[in-house]
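Below, subunit A partners subunit B and then partners subunit C, in two separate complexes.
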Partner chain A sequence: MKFANLLFLAAPIFAQEAFVLRNVTIHPVTAPEIAGGSISVANGKIVEYGAKVAAAKNVKVIDGKGLHVYPGMINCATLMGISEVTSVRESNDTNEIGEFVPQVRAVIAFNPDSEHVPVTRVNGITSVVTMPASLTEGRGAGGAAQSILRGQAAVVHMDGWNWEDMGINRNAGLLMRFPQIVTARVSAFEGATAAAIPFADAKKIYDAELKKVDNFFDAARRYQTAKLAKAADFKPNVQYEAMLPLLEGKAPLLVPAERERTIREVIAFAKKQKVKLILLDVQKPGKSIDLIKENNIPVVVGKPTNLPLDEDDPYDAAYSLPGQLYKAGIKFAFGTYDNQFARNLPFEAAFAVAYGLPYEAAMKALTIDAAEIFGVGNVTGSLDKGKSADFVVTDGDPLEVKTQVKMLFINGKNVALDNRQTRLYEKYNSRK
Partner chain B sequence: MRFALLLLASAATYAETIFIQNATVYTVTKGTFKGSVLIEDGKIKQVGQNLAAPSGARIVDAAGMHLSPGIIDAHSHIAAGAGGINEGSVSVSSMVRIEDFVDPESVAIYRALAGGVTSANILHGSANAIGGQNRLIKMRWGKTGVEMLFDGGPPSIKFALGENPKRSGNPTPAPGGPTTVARYPATRMGVEDIYRQAFTEAKEYQKAWVDFKSGKSTVEPRRDLRLEPLVEIMEGKRLVHCHAYRGDEMLMMMRVAEEFGFRIATFQHVQEGYKIAKEMVEHGVGGSGFSDWWAYKMEVVDGIPYNMALMTSKGVMAAVNSDDAGLMRRLNTEAAKTMKYGGLTEDQALALITINPARHMKVDDRIGSIEVGKDADLVIWNKPPLSSYAVPQKVYIDGSLYFDRDTDVSSRIAKEARKKALEEKAKAQQIPPQPKKDSAPQGGPQSDEVR
Partner chain C sequence: MKQFLLFISLAMFSLAQTPVTVAIRNAKLVTISGPVIAKGTVVLRNGLIEEASENATVPDGAWVIEGDGLTVYPGLIDSISNIGIAPPAPTGPVTGAITATALAPPAPPARGPEDRPRTTSWERAADKFRSNDPRIESARNAGFTSAVIFPTTGIFAGQGAVVNLAGDNPSKMIIESPAGQYMTLTGGGGAGGARGFPSSGMGVYAYVRQIFIDLDYYERTKAAYQANPSGKQRPAYDRALEGVKESGRLLMPATSKVEMERVIKLASELKMPFVLYGVHEGYRAASVLKQANASVLISAKWPTRPPTADPEAEEPLRTLELRESAASTPVTLNKEGVKFAFYSDGQTPAEFLKGVRLAVTRGLSHDDAVKAMTLSAAEIHGVSNRLGSIEKGKIANLVVTKGDLLTEKPAIQYVFVDGMHYVPTADGAPTPTAPQGTGRRPR
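This part shows the complex of A and B:
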């Protein structure tokens, strides 16, 4: 009996109902748009889309007259599932203690019932990258803000029963805080906290950290060699074991690098260590744009709605950066670096469009480019045959704020558009 | 004296007669149409569909463009110096005043201007139950701090409820930071008590002056700069803008105000305004808050993006504000979110960032819509102002052009060259680089602490 129940519950995820969505304008992003098209889905995967789609008999037909279909969007920088209320310490699992904890994994701490999941996805965000780090440090983050190798990020579907069926790429990269010379620390909560450190002291800390990083990478490589050589005295080590995907080029290093100097240092480091690299939160790359391009390093751009980093930067420095990256031929994606505003991902991209990024490039950055950067291009990010049926059905351009999402499909499942916020709305709307 | 100086200063800026033609005009209060606006002496002289340009007027052709009133941000902390908005040593700091330290060189002013903001109410922080005296400014970039002060409307004051004023009683010193001593209050119960204590004192102070003036008492009371603003509140001369998130605490505040015979002008943030819309309407309080903030602390877990639409549909005068130098630059798309969440009309959404905040501050006779006789605070956009793609092209305050995108963009090469030359010169004279202002991250000391 108990077993039968279990099977019944699991049914909607493992055996998706086949259906055809008809009469919609399809925006595949990877191909020209199709008016009056159809999209056919079976077993949670896209079977086919086009002007004419042959559907098997007795398959459910959904009419989408007047509506538009886009691939689901991917938010490439969040704390999804591992941070609930920023200031409440107990609700955060973002920051572990220890300078080098490459073995800790965001995916296993992912709470599938986080309120942020249904709130975020209703804007057409069907997957996110979740990262084991307080990206905007708050008083509730806890742990060690000064950790260097912080743990493994994951790409996660925004619907499912638990992290095992939601995680698309459980190791999407190793997050690193690259050492920097920091003379003053400003906290969002206490203002300037600790007294400013003299430059010479800050430089000493920086040099020491760099040395530690080099030592750790060297040790991990010796571990790799010893393991390959099946050395007699080889002892398994969880920390170094977690470095292997990185050293073998299977997983990238994810490094926030706002400014030119850091970007140059990080790229030099990645080349020296021969590891794949994704730059995060790039805000003021200056002339390092050429270096990023030369080395074909993908970028998760800093939020276009960020304030410019420096007082004398052009007022539209952050708005216009994605357009500059595009012009330079750099592959990039968008992220919100938080949960609170994760749903606003398409509006961040819209600002980039308003200030010079071609619309088509923005749509690619939100979908297929994001998927490819984080190693899930074969699973999601476009409407191509065989991919997960992750798409959003709207009454217009998803980058326009006023556009309404009418239907949302993740893994072919017609996901309900309600959440805590819509329920509160309905409850208090009914108050007389 | 200050007032006279200000008028003199402003008069000099009323440059010319301007005729903006062929624009889609969003008056906010009187519909949207293709037409023109005539500006004279810094005021809107004519608005209409079939106006002719008077001879001698500078013609601004806005064909294909969109003209809206300047955006009003009812909650900001820019231009108030880094970390200078909370006089945290006492819980009633009603004597401190923003107007004493408006920093006209804060680049946040220019950036907000470039986002279409022409006026902003600069508030104290929320560390104290009673924070201090706010000041409405106009974003007259390039002028002095005094010249930026808005010359009209009643004065106002900041109150704060909930987690932030409680924090003084629950200090969590940062590692390596200064140790903090706990001070009252530590709970919402204590926050209510602060108000009742303060206004009880203020009532006595008020009575002492009444007695002295009526001759009932011969002893002139000693002037108390802390209690004076509270008396002004009770006499309806000073507006209260009260930081609040939860419905229960807002109810408390309204009842305390009623007990002492006054009304709250607005709740700021007002995250749970939708829960007590009925009581807010009865009290006559406005609601001024974020479009979609939530989940950054416990008291905002029930924050919903439908708040503005719900309050509006239930009769509360609502407004969208920023509380953030970054967000301030895109209040137009923040207002647009109320069309998405709760289905407000375009006019209703635009009102949230123009005429409604003006009404909240009782300056709607001067700013907040495109109407004859009002200040010529206007924004020319390249797209409809509520579109995600709308970029302000020109921003006018009092009929003077304060932001022009073309000029900004075309002057960058020259500015960069000038900066380089200055750096060279400084290097030659061995002047160390100056500390930068306004380069703190978003949510930094410039902001209202934890909101």
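This part shows the complex of A and C:
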């Protein structure tokens, strides 16, 4: 930490400035590691890496003796930049009202000055997926109409002046709350009461909601046809306009689906509507794991340290899920579904490693797989030539809690490692 | 001969309102209070059992029933019922406060214990009892001659009554009143306390404790005032406290072991006899109940998967375990020596007996099961000096069958209530032609 600061002060490196990092062990994730290698960066992009890298004249050389370089990690589910303090309403720009609000874009609401950004990135997280709405809200039965199509997620860099700088994929997918059959009435005080709503009634509500969704998709498709045909009476509509990337297969549908039945139904829905799909927050896939594989649907798992879903689940249900997905050959990434603990992403993945996920697979899930799932595989996620220079320089394994991050580069910029937490640490540490 | 007898008895019932003298001769007597008498005679006179022994003399002029091949049991008692005081329960659980809260009339929300929320402790089932409930006949057809009826809405719902299940005049059907206070203990408010105090479980417990603290103070101030009113402020009359006091026994709900422990702890502070009802998890709490010397009323409505449940819902192991093991509670408690009786929990008599038979398949003996619906029930409700067994001097409530009583289709030949005899209709349902409430069909 101190070392990094000194280095930073002694040799300030500005964004876009070319430099070569020498004497480091390089872990490209997509290729075998290289000890004593170098990595050269120019214009914010990786020029090359390897055992021998020729540096142009007058290029800054940074000595990284004893340090390790890893690609920056991606947290695939956060509310980064749009939610600061969940319990302070003014600081939350999430959960738009309305049943179908696909036109809502998380990226334009991104606050680059969020305190969560520097706190999160110091653990090596150089990009995140920002969701337009939290996953836990809007699951109740009855009551006010809950948003179904909730807006567009974005992949953002964890450094920049504004959202235009930071957004790598401004439309990384359309978040959807898939209708559920809810039979348990949950009270905050008394917990769930068994079968409070008869199944037949719950099914009716579900069917009605699903019908509404189908109708909306049909309307969007008619809009698409009318637009393509340049129909005379064509009238622009932001809602349907926002559906076009989805219908054209350019953006996926992001659907939280915890359990087998939901997963099954969501996959059937996506097939019927012929849209790309990413499953979020899968917790208890059961037999649907084969279905996920069959259809090659990527998954963003939640925190392995989460409690298991049901009281009789094995204690390691959440720990071992990533390992199971890996064994089934499903492409997956990690997301924390929050901001406060988004920084713990590598340590969460480490739990999965302890419970059956190979280490290399965990590193890929944190980097290149995550990038590919969210359509930024050509921009970030590995140390390959031409990609954005997003990497982290550590004194060891980034999944290990004791490891110190010494330097962090986002878009080739050596990003300061101080943040609200280090400031508080210094402040109270210096109290006499 | 038979025809003649039939005629005679017909004439007697239509002419006289007093019960005839009946002798059931040479029948198997399952006395419950003592050993089974393989061949004995029981004599009923004036609504009471005059004799029951191997060699009882048959009085002159008695209607003699030849008991060869017949078995005589004491009439069955449903230990908690709302027969005669409430319409037949709709589908859904009757135990506890779910119904209680659902049926609670809208009232301004209570602010605290001083408003005596959800308390109708002064209400007596005996006062509300009506003899024209068609369920009375169907219960009797199944062998039930008595029921202990309670108002069931509220924390202190009201006072029970032991009633006989035959007659026109409700007053004459009451055997004992009051017979315990029916309580529920769930926080019914919820929704941020919109229904007033107490909305939480702990609030209910605090309220119950408060009532007994208030009762203690109430009695002392009342006694002091009565001793010498002069110069003293008069204490206000409190019907809630009066009602609790006169009920004499508390019926408190407990399904799970932890609830039993909690309720026993609460009840033992209250210095009033208590009985637990529900008790489905008793199979794992036998020692707890034994240690507390608690008597329990077991709901014969065993937990089942709700028919409206989500077919794909994963049920927790503890739910499944309770569902699997609840019916083993009676045999477990019997082994441990815990006194228990069964109650119908809103089920029809046929469903009730089916539930009891399930307990028998889990190892409870037939006669122990009968005991839990006769003598044990009478003992728990404090009427064992009048009901519950075939003994001299007790009320003449009997069921006469061919074969065992607890079979799928028991061949009930006669039912005697207060010495009056009834022949069950074939399907066990009340016949529409019968005048409501009387149901007398002399043989």
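Please note the rule applied: the second predicted complex is superposed on the first by the 389 of 432 C-alpha atoms of A that agree within 3 Å, B and C clash if a C-alpha of one lies under 4 Å from a C-alpha of the other, contacts with A are read in each partner's own complex, and residues count from 1 in each chain.
Everything below uses one rule, namely that a contact is a pair of C-beta atoms (placed from the backbone, for glycine too) under 8 Å apart; a residue touches a chain by one contact, two chains touch by 3 or more.
Keep in mind the model is a prediction, meaning the values are calculated, not measured.
Chemist: If we overlay the two complexes on their shared chain A, which of subunit B and subunit C does A:229 touch? Say first, second, both or neither.
Modeler: Neither partner.
Chemist: Who wins on subunit A residues touched, subunit B or subunit C?
Modeler: B
Chemist: Does the superposition put A:198 against subunit B (first), subunit C (second), both, or neither?
Modeler: A:198 contacts subunit C only, not subunit B.
Chemist: Which holds for A:312: it touches subunit B only (first), subunit C only (second), both, or neither?
Modeler: both
Chemist: Can you list the residues of subunit A that meet both subunit B and subunit C?
Modeler: Common interface on subunit A, subunit B vs subunit C: 187, 189-190, 194-195, 310-312.
Chemist: Which residues of subunit A touch subunit B once you look at their complex with the stated criterion?
Modeler: 84-88, 115-116, 119, 136, 138-139, 186-195, 305-312, 314-316, 339-341, 343-344, 347, 350-351, 353-355, 399-404, 421-422, 424-425, 428-429, 431
Chemist: Can you name the residues of subunit B that touch subunit A in the complex?
Modeler: Spelled out, the residues of subunit B in touch with subunit A are 82-83, 107, 110-111, 114, 172-177, 274-275, 277-278, 292-298, 301-302, 304-306, 310, 313, 325-327, 329-330, 333, 336-337, 339-340, 342, 383, 386-391, 408-409, 412, 415, 419, 436-445, 447, 449-450.
Chemist: Touching residues of subunit A toward subunit C in the complex: what are they?
Modeler: Interface residues on subunit A, with respect to subunit C: 181, 183, 187, 189-190, 194-195, 198-200, 202, 260-261, 310-312.
Chemist: Please give the residue numbers of subunit C that touch subunit A in the complex, ascending.
Modeler: 187, 190-191, 199-200, 306, 308-314, 316-319
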